[in-house]
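Each of the two complexes below includes chain A, the first together with chain B, the second together with chain C.
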Partner chain A sequence: MSARIIIITALLLLFNSSFLSAQNPLSGGQIHGSFQTDMQYYANDNILGMNDSSLAGKRVGMNGFLDLLYTNHDFTAGLRYEAYLLPMLGFEPQHEGQGIPYYFVKYQKDWIEVTAGNFYEQFGNGLILRTYQEWNLGYDNSLNGLRVKLNPAPGVTIKGVVGSQRYYWEKFSDGNRGIVRGADGEFYLNDIFPFLKEKQTQIILGGSMVSKYEKLTTKTTLINDSIFQYKLPRNVAAFAGRLNISHRGINFLTEYAYKMNNPSQYNNFIYRPGQALFSTLSYSQKGLGIILAAKRIDNMSFKSKMTEDANVLDINFIPPLTKAHHYSLANMYPYATQLNGEYAFEGDVVYTLPKKSALGGKYGMNIALNSAFVFDIDKQPVAEGIAIGQSGTYGYTSDFPAPGGTLFFREFSVKVSKKFTKDLKGVFIYLNQVYDKDIIEGHHNEYGKIYSHIGVADITYKLSSLHSLRLEAQTLFTRQDKGNWASMGLEYTIAPKYFISVADEYNYGNTDPGSRTHYFNVAAGYLLNTTRIAVAYGRQREGIVCVGGVCRQVPASSGLSIAITSSF
Partner chain B sequence: MKINNIGFVMVLLMVLFTGCDKIEAPYLINKGPVEGGGGETGKRVILLEEFTGHACVNCPEAALLLNDLKTLYGEQLLVISVHAGFFAMPLGELTADYRTAAGTAINDYFGVTANPSGMVS
Partner chain C sequence: MKRIVTFVFSLVIVAGLQAQESDVQHRLPSIDLTTIYGEPFNTSAIENDGNPVIISFWALWCKPCIKELNTIAEVYDEWVEETGVTLYAVSVDDSRSSAKVGPTANGNGWEFEILLDKNQEFKKAMNVNMIPHTFLLDGKGNIVWQHTSFSEGSELELIEKVRKVASGEKPDNTH
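== the complex of A and B ==
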């Protein structure tokens, strides 16, 4: 707390210009900030099961933050104030509270950069370390500690970090979570070796390691009426190496990571080491982009608290190989990364048909194809009589290249964007998905796989130079889960300041006629420079919000919401 | 200058390399058979209240652990499950309502917001 007060006082002094004389090297600083608040009032809604008893008086939810950043030559300081009073529906109740969970000071001099306080850091692709903040998920695993970044020679960057991670509002104290230590080196060979300087082929090599220390906890289990105690490691280390080669439009990137024995709640306390391999190959030229990607993840959950299995305290991040969608029905069944094991492949092609070609027409046309497959990895029992993944054992053995039989997720999509005339343009999407609801959402043989076809048409018509009308129509067909859905939305914009919209999502295909619910919504907004205010009233269906394969569930709700975003 | 930097990096690497405990099998240490629990007179009985709800996905795991504890301590342990709060609400397909007025009162009094939670007497 005292450190926080000192930093805030220091910031306040810096902002007070009368305090600083003109000769002071600290004068001439700049301050920037951004602000967001979302407020929801929840109304009773019998169809969604929302009433006085289910809401228990929690009629209003509010999430908000203010981010401040002060820069002055080589010096930077920043903080973020957050308030969840109360947290909106779908956010963990532990968010409740307000305060400054993020603050730091940083300076850069010659070949060194030092950060003290909270920081976000990523080694390579994040396979063994990535701290980040995602407001819409209510996710923040920032490290609080020290970071040193060195540039000892051209093309060489060395980073070292030590800290503890954010866990809601709980301050770090002895034993309530681990300490994370890491180092990363990145070598841009073209800058290091003179003979590569003028070459078109660019090579970057990198290596990193991370170690977590946790105070030893005692864990026991019962086997045949005897007590057994787990031998738990205090320190868990992980290593990663990466290579990036590019030549003109071709770029190849690969990273391999290895994690030592890390028995945890997430992997059911098995002792098998973790492995991850992530590779992408891409090619781009004018009007064409191709990306092929593959990854294999085996037991790669890595948290700074071994008994934690929720979306908190992750030290690492596994990049997703499934496309993120913008439209609501396309987001009905989003894929969540399975850290205990998955084998994924993705192909992505973007092609622009030139103007005045046969298909391209007067304005050209953009086509994007995407396909992704995610399977289980091969898992075999360690020995006879030991189940796969049995707690307190090695867990399982796995043949590295062999894909497991179970399909977790598959997707194929085509997206066409075209401008027809000066005033009319449209986006059209077809999606075909297979989603294993039990595995992805953690159910026990309740739902099985969901096969769906999704169509989207988004058409914008310009009525005049300032007025435009946008129609968004979506449909989802499936025989499983809640059956078919359709949605329609209409948005009228008076540029650049106003918009008003109406939309309805309708679960017309639900096998239970009583659950064929309409989710009606009206919204209006006002925008001035960098400030946007939007008000909406209506129902929101229950759903899953995912960012980068990390997901949270949002229950259905009904009511009024107000959102304000602003920055300076 | 450069030598110093490399030295610093080497020290850093060595520190990190030692930050790792390799555990060899067997991973479980036998601490002997379960003792007591047979309802011996004069032993204290512990009350454990488990706060749960049918919509809580992590609760079955807690229930399994409670089962283990119950086997371990027998009549010395009394487990009561309290269905209350957000996760116990009838919602969508989960139509059953296991909530009780007493359970909700206890839940609200102690301000339990996360499930599964356990409270020991």
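== the complex of A and C ==
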């Protein structure tokens, strides 16, 4: 409640001061915003099993929002109206509804910035705190409360936050979720110490702390016919420290986080503390970039409600260390971070063969290599006779550097981009993947590991300076899951305003001949400056759509969709 | 509560629209970003000695964004020489890939300025909904044109607008 009162007071102050100080009230004010609406009409489709009874009357799904920002000198106020009427397929039923789940007022002057209301914040890499929004996934874990940011001296940034997180449309009440508070300090040493000022080596240090308060819930468990009551912590604290050093083309970044015991639905109510280590090392010069990254995660789910285990109320963000692919079949089996424990390594090389070189040809050629390995961390029973991860216990012990035996995911890819002539260019990819479907998607020994080879050819031909034709061919070979796939797409664009495309994905290798489905799709769009209208008709394959660390399972559907976006 | 918020905002909107009629320019908000080396960089430092500035929001996972920046990279030297323009490519990659942004840009041979907006604060403050989203600023720092998405040939429209701005004209927003 206090935050709301502050917002209103601040708004009133804003009016009053403007009325008093200027002849033209609110002179200098501006309003900008953005808008998006996606509508889908679902048709009956016997092959996908969509009919009157499975749709239950929910023929039309619509997700939409309007974002408004008002700025006037040092003040900013904003709000977002959202409507999910009804939520499109793939979104949780709890999204259904409409209203203003996001509003804030911000004052920013010289070295202070204060925000009251909803806000998004990230400490360091987000290992212990990150609130953000991904509209297309229906993900929003914004904090509603107060945020203060100070720059008391050059190179010094201090932030403090307190609030409760968005939980679909539920109003905050003591007991339906916790309260999150945190502080972060970041120090850019080259601005702080005169002797580092003009040095080529740059050093940044940072540290943060986050704590969650939650009203106690009573939870009991039955072990060997005796009832035990959990002693659950009201407060859970987490700490993180980070370092970033760069020298010429070399950049090293590392962050370590520690979370105190935090029994929760997600970790099966174990009392083991959590740890995360995230490091990257890179080198680059013009035409060459090399990146190595490593990550170790141990029991790092951190939510502001201990009994929640869906994609909501996350306080922190643990990034997956795998490449985000551009093509649909390459994204058939996307990796998602395993918060209960994983070890991950990733390497990337980006190299541009210069123009007019033997291999580079007249226009040069770009090669990108990527490889990622993710496996389990070492987990040993805490005592004889107690299973690993047993509720109410410490869970397991783990030797920090030792890898666990289970491979979760492995990937290797080569991507070559080449311009052949002034009008013809292409991107070619080979990708080799191992994906443990049971572990990553949470099944119980149903699918096992999926081994796949994926090939992509994406060729663009310019018919004239504004007209171009793009052909996209993809193939995926696997003996597991649904077997082989092939896809072909053709897109015609007239820059900058029009596009039309046709595409088909075909599951020709499905062991069940009845499931060898074509996913045929046609789409067209019109664009003017920042407004885009797109219409599509066809069948959509079921799949996992991921942005950052969050993934959403989208079911197969068939029908018409319309998307309108604009910003102003 | 909702009624109060709605009411207060209607007031603000009415006041804001009145204000809009006066000659107030659309300018950049002041947001803290970082360079690819982690060094703090505030958006108020985006300037180009009175010449036009392009700000392009992109991410490594966004295919048309990479296409747009690769296309511009091929002609960037000529654009700079002709119009004095500078391009700031603001990556909205989160910590999954933000460490790859600098080396990838360098490996691709891009010569424009690269900035990191790791938690999309600048993107939100600029009302960017979809990427790629490109803004054009005149020599005084006013946002005079914006455009979303990229297809082969869209760069010609952009440089046409840059030329107009460089010669002191207002870009035509109607087509």
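Before moving on, here are some points about what is shown:
Keep this in mind: the second predicted complex is superposed on the first by the 542 of 568 C-alpha atoms of A that agree within 3 Å, B and C clash if a C-alpha of one lies under 4 Å from a C-alpha of the other, contacts with A are read in each partner's own complex, and residues count from 1 in each chain.
Convention: a residue touches a chain if its C-beta (ideal position, glycine included) is under 8 Å from a C-beta of that chain, and two chains touch if they have at least 3 such contacts.
Predicted model, so just to flag it, every value in this text is computed and none were measured.
Overlay on chain A: chain B and chain C fit together in the combined arrangement.
In the superposed pair of complexes, A:Y258 makes contact with neither chain B nor chain C. By the touch criterion defined above, A:Y42 reaches neither chain B nor chain C. Residue contacts after overlaying the shared chain place A:S282 against chain C, while chain B stays out of touching range.
Rounded to the nearest 10, the angle at the Cα centre of chain A between the centres of chain B and chain C is 150 degrees.
Of the two partner chains, chain C is the only one that A:I291 touches; chain B does not reach it. A count of residues in chain A touched by chain B and by chain C gives the higher number to C. By the touch criterion defined above, A:T221 reaches chain B but does not reach chain C. Once chain A of one complex is fitted onto chain A of the other, the partner contacts of A:L69 are limited to chain C, with no touch recorded for chain B.
Across the superposed structures, the minimum distance from chain B to chain C, using CA atoms, reads 21 Å.
Put simply, chain B touches chain A in their complex at residues 1-2, 5-6, 8-9, 12-13, 15-17, 19-23, 25, 27-34, 57-58, 60, 68, 71-72, 85-86, 89-92, 108, 113-114.
Contact residues on chain A toward chain B in their complex (touch as defined above): 49, 53-54, 56, 92-94, 96, 150, 152-153, 158, 160, 181-183, 185, 209-213, 220-223, 225-237, 260-261, 263, 271, 309-310, 392-394, 441-444, 515, 542, 555-556. Residues of chain A that touch chain C in their complex: 4, 7-8, 11-12, 15, 24-36, 67-72, 76-77, 79, 99-100, 103, 108, 120-122, 125-126, 130, 132-133, 135, 155, 157, 186, 188, 190-191, 202, 204, 244, 246, 249, 251, 253, 278, 280, 282-291, 293, 317, 319-321, 323-324, 326, 348-352, 364, 366, 368, 417, 460, 462, 465-468, 470, 493-496, 499, 527-530, 532, 547-549, 565-568.
The residues of chain C lying in touch with chain A in their complex are 1-2, 4-6, 8-9, 11-13, 15-20, 22, 24, 26, 29-30, 32, 36-40, 60-61, 63, 66, 70, 94-97, 99-100, 102-109, 111, 118-121, 124-125, 127-130, 133, 145-154, 156-157, 173, 175.
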